[in-house]
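Chain IDs A, B, C and D follow the sequence of writing; residue 1 opens each chain.
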Amino acid sequence: MITISTLIAVPAIAAVVLLVIPFARQAAGYLALLVSLAVLGGVIGFIYRFEPVAGYQFSDNISWIAPLGVRWHVAVNGVSLAMIAVTALITTCALGFALWAKRDRSHASFALILMTEAFLFLVFAARDLFAFYVGFEGMLIPLLVLLVVWGGPSRKVATLQVIAYTAFGTLLMLLAILYLGLTAPGGPNFDMEAAIGRGNDWVFFAFAIAFAIKSPLFPLHGWVLPAYRQASPEVAAVLSGVASKAGAFAFLAVLVPLFPAQSEQYAWLFIALGTIGFLWGSLLAFRQPDGRGVVAYSSIAQMSFIVLGIFLLSDRGATGATFQMVNHALVSAALFLVVGWLETQVGSGYFAQLGGLARRRPVLATVSMVLGMAALAVPGSSVFASEFLIMLGAFESHWWLGAIVALGAVLAAMYMLRWISAILHDRESALAGTLNPPDLKQGALMAILPLVLVLIGLSIAPAQFTDRVDASAHALISAAAKEAGR
Amino acid sequence: MDIVVFFVASGCAIASAIAVVAQKNPFVSALALLANLASLAALMLLLEAQFVAAAQIIVYAGAVMVMFLFVIAYVGPRGEIGGGVRKPWLVALSVFAALLIAVEVIVVVFGASLGAVASVDTDYGSPAAIGKALVTDYLLAFEVVSVILFMAAVAGVVFGTGGRPVRLSTEQVLAKEGESAVARRREASRAALDAARDSTTGESAR
Amino acid sequence: MTELVWITLALPLVGVALLALFGNNLPARGAGLFASLIMLAAFVTAAVALILLANRPEDQRQVTETAWTWLSAGDFRVGFDIWFDELTALMLVIVTGVGFLIHVFSIGYMKGDLQERRFFAYMNMFVFSMLVLVVSGNLVQLLIGWGLVGLSSYLLIGFWHHKTSAVKAAKKAFIINAIGDVGLAVGIFLLFVDLGTVSYSGVFASADTLSETQASIACLLLLVGALAKSAQIPLHTWLPDAMEGPTPVSALIHAATMVTAGVYLIARMNPLFFYAPKVLDLIVIIGVIGLLMAGAIAIVQTDIKRIIAFSTMSQIAYMFVGVGLSAYWAGIFHLFTHAFFKALLFMGAGLVIHALNGEQDTRNMGGLRKLMPKTYFCFLIGGLALTGIFPFSGGFSKDAILSAGLHVDSTIGWIAYGGGLVGALMTGIYTFRLIFLVFHRRLSPYAEKVAPPLIKHHGEGPRSMLWPVYILALGAAFLGLLQIPGLTHVMSSWLEPISPNGMIEATAGQEWLTTLIGSLVGVVGIIIAAHLYLHESDAPDRIRLGRGRLIARALERRCYWDDLYEWMFERPTQWTASFLNRDVDATAFRWLPTDGIGTITAFFGRSVVVLQNGIVRSYALVFAVGIAGFLLYLLVRGT
Amino acid sequence: MSVGIPLFLGVSAILFTIGLIGVLLRRSPLTILLSLEVMLNAVNLSLVAFSRQIGGSDGQVFALVVMGIAAAEVVVGLGLVVAMTRRSMVLDTDELRTLNG
C-alpha cells in the first residue's frame, strides 16, 4: 500500500535528479511538471481513499535515528491532507509559471521548487517532532536559495531579513523539541503522541514564536513584505500560498494538540494578536503602492485571522481556519502569479504604472476579478464560507469579537477593490499604454487557471470540503476545548 | 645603624624615582634610574639578599642601563618630550588612582600584622642557595625566562633593523608633517570610515 | 413546480456561463438577443410556477427543497435551498418580468457599445443573484444572494470602467453594501447562537423563544443590511452615485429589483420582526425621514437620472413605512407597482438620453414633447403613477401604505400618515418639475442641435426600446386595479399567509379617504411645479438664491451626508492607514527587528568607541583605576 | 634586624606609585620605559622583603625572574623606539593610535 512517505520521496528524488543533471530548460521543466502532476494525481488518490472520521491514516512508523529515539513517523488526517493537496496543486502551478517565465538556470530552480514541496509534505505529514523540525526548517533552504538567486533587485536584503526572523524562531523551537524529546519518560522519544501535555509555558512559547513568525502572526510579520516583493512570482506564490500555511497549520496540528492546557490558557493572547493583525494588515494593505504589497499585507491579515480562528478552540473556528488556509493559499498564490505576470508584461507592479488593463483583455479581467472577489470574500465564494465559519466561531465565543472581525471584512473589500480598479480600471497609465501588453493566455493562463477553477469548485459546494476535514479539525482542538470546559 | 642606612637608601630611592619620572631629558632620567637601582640594591642588602642585590647592580646597571643609554643617544633630542599635555581631569584621575593604590597598599601593609620575621642562617641569600633553588625547584621558570629573553633579543634585532633609516630631527619631522597635518589626516580617515559605515547601514536599511 | 423554480434559477446562470465562455463567437446583437431569450424563458417558468402555486389550496402554498448541503461545521449546516411561497413567487415574477423587459430595452440602448456581451453577461448574473436572494430558504443563502447582487451592482455601475467617476461610484456602492452585509451576517450569527438554526422555518418556528431584547438586536442587525441594500438613511449615499452605470442598469437594479431587497427582507422576516415592535417603529421613522429628505433633495437636482434616483430612495422609504407599520402586503404592493413605474421612468429617461446622445443634464433638455411624443406620453403615465394620482397604480399602493398609518391610529401611524402626505406633495413637485424641464418649455440650444437629426434618423428609439416602455406603461397605469379598496383584494389576500401574525389592512373607507387626500395633495404638487417650472421664469432661482438659499444649498449638497462620511470615516481611515504604514509598521516591524537591531548595536558601539581612543596611556589609566577600585573593594569587604 | 619589613613594603608602594604616575602621565616612550623599570624594581623590593619575612629563597628567585622579564621587555621596547626613529615617526605615544576605534 502506498503511504505518505512515497509522496514525500517522489518530489525529493526528482529534485535531486534535476539538481544533479543539467537538463535543458524545456526538458527540465516538463520533467518537473510531470513529477508534480504525478504527485497531484497521487494526492487525489489519497483523497479518494481517505476516511474522514478515521483519524491519522496512510502512516509509516520506522526507526530513523535510533540513538536519539527519532522515528520516521508520517501520517495524515483531514487537515494535513487538505494542506498537502493544496501544496501539490500550487507547486504544479508554480512550476508551470516558472516554465513559462523562462528562468535562467531553470533546472536548478525547478529542482528547488520540488524540494520545497517535499519538505512541505514532510511538515504537513510528520508525526514525529524531529521529522517535523526537519521539514519546517528544511523547506527554508530551497526557498531562500530561490529567493536570493532568482529574486528582485533587493533580494539579498530580503533574504537576510527572512533568515534573521526565521532563524530566531526555529532555534527556539529546536531547543523546545530537544527538551520535549530528551525528557520523555522511558528514554528519548520525539513522537508527537508522547509529547502531549508534557510541555511547560516556555516550551509552548518557543513553539508559538516559531510558528507565529512563519505564519506570520501580527507583531512578527516584518519579513513578509520584502520577501514577497522580491521573490519571483512562482516563489512568492509558494511562499505565501503554502510555506506560510506551514506556520498556521503547525498552530492547529502541533501546538494546540500538544499543549492543550497552555493553548487554552493563552488563547486570549493569540485571539488578540489575530484580531489586531487582521485589522492591521487590512489597513496597511489599503495603502500599499504596488500589487504585491497589497497581497502581502492581505496575507498578513488573513493569516492572523486564521490563527484567531484556530485559537477559538471551537468546531467552527478550527474547520473554518482549515478551510480558510486552503482558500487563502489558492487566492494568494493565484494573485501573486497574476501580479507577477503583469510585471513581466508591463515591467512594473506599481499601481501608478498600471491601470485600464481590462480593456481588450477579457481573460485577464475575468481572472483578476474572480480572484479579487474571492479575496474580499464576496458572499457565495469559498473564502466567504470559511470566513463566515471563523466569524461565527468568534461570535459564539464573544459577540463583540465576532462584530469586530466582521467589520474587518469591510476593510478587505476596500483594499481589494482598490487593487482591482488600480490594475484593471480607470485610465491606462502611460507605460501600460505604450507597452500595450497582450491578454493573459496560454502558458501563464494554464498556470493560473487551475487555482481559479478549484476556487470556483469549492465555492459551489464548500461542504464537500468541510465534511471531510470537520472530524479531523475537531479532534485536533478537542483536548484544548475540553480544558476550556467547552 | 641599619635604620640610618634604610632611611638614607629609601630617601635616595624615592628621590631618584621622582627624578626618573619628572625629568624632561631621558638621559637624565636614565641616570636617575641608575641611582634608584643602587639605592634599591642597598635596601636589598639590608634584607640580606646579597645575590639579588648584586644581580641588580650587574644586570640592571651594567647591561640594561647601557642599552638604554645607547638608544637614548641614538634617538637624540627627539626623545625629549615634555610631560603629558592632556585633559586636566585625566591627569587628576591618573594621580588619584596611583595615590589610591599607594594608600591602599600602605594601609594593608601597616594594618596587617605580618608576625615575627623568620630567623635565617648565614647561608640565606647566598649565590649558592639561590642557584640551587633556580636549578631545582624553579628550573622550568628559569628555562622559560631564558627562552623569553632569546625571543626578545630576536625581536629587538627585527625591530631595530627593519624600515628605511632616515635621519630627521624632530623639528624636521614636525616641519614636514606638522601637528595640524597629522590632525587633518586623522580627521580625513575618520570621515572616510564614517562614510563607509553609513553607506553599508543605509543600504541595508533600504 | 419546484422543478420550474430550479429552472428559473438556473437559466440566467446558464446565460452567464455561455456568454462568458462563448460570447466572443456571438455577434454583438446576438448576445443581447440570447440574454433576453434566457430571461423570457425564466419569466415564463416563473409565471407558470406562480400559477401552479395559485392553484394549490392555500395551506399548501409553502414549499421548501434543498439541493445540496452548502456548508457544514459541527452542528452548523446550511443547504442550498429554495423556499417557494406567495412572496417568493411574486418576487420571481417581478424580477424575471421586469428583467426581461429591461434586457430587451438594453439591446437597443447598448447597441454600438463595444462590450455588449460583457454587459449582458453581467445583467444575467445580476438576475441570477437576485433570484438566489429571493428563493433562498435560509439566511446564509439570503446573504449570498445579498452579496452577489452587490457584486453585480458593482460590476454594472462600473461597467464603463475607463470613467474614474464610474469606478469610484462602483466602489462606494460595494463598500456601503459590504457594511450592510456585515450587519446582516452578524444578525445571522446572533440568530444562530440564540436559536441554533439559520433556516427560515427554524427561525420562524422558534422566534417566540427570543426575548424582546434579543429579537430587537437581531432585527436591528438585519435592518442594517436592509438599509444598505435599499439605500435608506443613513446608508443611502451610494445610490445617487450609482447612476454612473448605464441607464438600463439603473432601471433594473437601482429602481425595480435590487434596492427593494431590503423591503423584501423585512417582509420575509416578518415573523421575527413581530417580536421587535420597537424596531418596526424605528423602520417607520427612518422611512418617514428618508422619504421627506430624498423628496426634498430630488426637487433641486439637475441630472435627470439623479432626480429619479432620489425619487427611488423616497419611494423605497414609503415601502419601509409600509412594512414598518406591519402592512407587509402594502409594502410589497408598492414594491410591485414601483418596479413598473420606476422602470418606466428610467427607461423613458434612457430614451431621452439616447436621443440626446448621452446628455443627462436637464438644463440641456426642454421642449422634447413635440420631438418625442410617445416617450412623453409614457413618461407622463409614469409620472402620474409616481405622484400617486387616482387611478394610476402608484396611487393605490401608496395610499394602501398611508391608510395603514391611519388604521393603526397611534403616534407612529400619524407620523407615517402626515409624513407620507408631505412626501406626496414633494413627489408631485419633483416629478412634474422633471417632466416640465424635459418635455415642456423651449428646446435648449443643445437639444435643438443634437436631438432633431438623431430622431429623424431613427425615430424616438428602436422598437426594442419602445415596446418594453409601452408594456411597462400599461402596467404602471393599470396594475393598481388589482387592489381597489372594497372591490378587489388580489394583493392583500395573496400575501396574507406570509405573515402568520396577521397584517394591518385599512378599511375601505380609510383607503378611499386617503386616496382622495393623496390625489389632491399630488395635484397641488403638480400645480406648484407648473407654477414654477412650466415656463421659463426666475422664480425658482429667486427662491434658491433668496430666502431659501441655506436650505437649497443643503439640498444641493445632498444634506451633507457625503461630506459627513468623508470626514468621519473615509479620511480618518486613510490617515490612520497611511500613518501606520509609513511610520509605525515600517519602523517597528520591518526595520526594528532586523536592520534596527544592527543599527542600535552599531550606535552603542560608536558611543563607547570613545574609550578605544588608541592612546596606550589611556588603557593604562583604565587598568590602574580598575586595580585601585578592586583593591578598594577588597579592603572595604574586609577578610 | 632592626628595620621592620612593613617599612620596606611601604617604600616599595611609594616607588611603585611614582612609577605608575610616570607611566600614566609621560608621553615619551623612553621615559615610560624608564618609569616601568621603577615600577618593576619596586615590586622586586617587595618580593625580596616578603622573601625575608618568610625566610625562604622563593621570593628572591621570583625577583630574579622579574629581572629577566624586565630585560626582555626593555629589549622589545627599545627595539620599538629604534624602529620608530628609523621610520622617522614622532616619538610620542599619543600619536600612535592606530588602535583608535
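The working rule: a residue touches a chain if its C-beta (ideal position, glycine included) is under 8 Å from a C-beta of that chain, and two chains touch if they have at least 3 such contacts.
Please read all numbers here as calculations on a predicted model, not as lab measurements.
Student: So which chain ends up in the middle if you average the CA atoms?
Tutor: Chain nearest the centroid of all protein C-alpha atoms: A.
Student: Work out the mean Cα position per chain and let me know which chain is farthest from chain D.
Tutor: So the chain farthest away from chain D turns out to be C.
Student: Find the geometric centre of each of chain A and chain B from their Cα atoms only, then give the gap between the two centres in Å, rounded to an integer.
Tutor: Comparing mean C-alpha positions, chain B is 70 Å from chain A.
Student: List the centre-to-centre spacing of chain A and chain C in whole Å, with centres computed as mean CA coordinates.
Tutor: 37
Student: From the C-alpha centre of chain A to that of chain D, how far is it in Å?
Tutor: From the centre of chain A to the centre of chain D is 70 Å.
Student: Could you give the separation in Å between the centres of chain C and chain D, each centre being the mean of its C-alpha atoms?
Tutor: 97
Student: Give me the residues of chain C that touch two or more other chains.
Tutor: 591, 617, 621, 624
Student: Find every residue in chain A that makes contact with two or more other chains and list them.
Tutor: Counting only residues that touch two or more other chains, chain A contributes 160.
Student: Show the residues in chain B shared as contacts by 2 or more other chains, in ascending order.
Tutor: Chain B, residues with two or more chain partners: 84, 94, 97-98, 101, 105, 204.
Student: Which chain C residues qualify as touching chain B in the complex?
Tutor: 591, 595, 598-599, 602, 617-618, 621, 624-625, 627-628, 631-632, 635
Student: Would you tell me which residues of chain A are touching chain C in their complex?
Tutor: 160-161, 164-165, 219-223, 225-226, 280, 283-284, 286-288, 314-316, 319-320, 356, 358-359, 362, 366, 369, 373, 376, 378-380, 384-385, 388-389, 391-392, 395-396, 399, 402-403, 406-407, 409-410, 413-414, 417-418, 421, 424-427, 461-463, 466-467, 470, 474
Student: In the complex of these two chains, what residues of chain B are touching chain C?
Tutor: Residues 84, 90, 93-94, 97-98, 100-101, 104-105, 107-108, 197, 201, 204-205 of chain B touch chain C in their complex.
Student: Tell me, which parts of chain C touch chain D in their complex?
Tutor: Per the stated touch rule, the residues are 609, 612-617, 620-621, 624.
Student: Inside the complex, what are the residues of chain C that reach chain A?
Tutor: Spelled out, the residues of chain C in touch with chain A are 20, 24, 68-77, 118, 132, 140, 143-148, 150-151, 154-155, 158, 161-162, 164, 167, 170-171, 174-175, 178-179, 181-182, 185-186, 189-190, 192-193, 573-574, 576-578, 580-582, 585, 589-594, 597.
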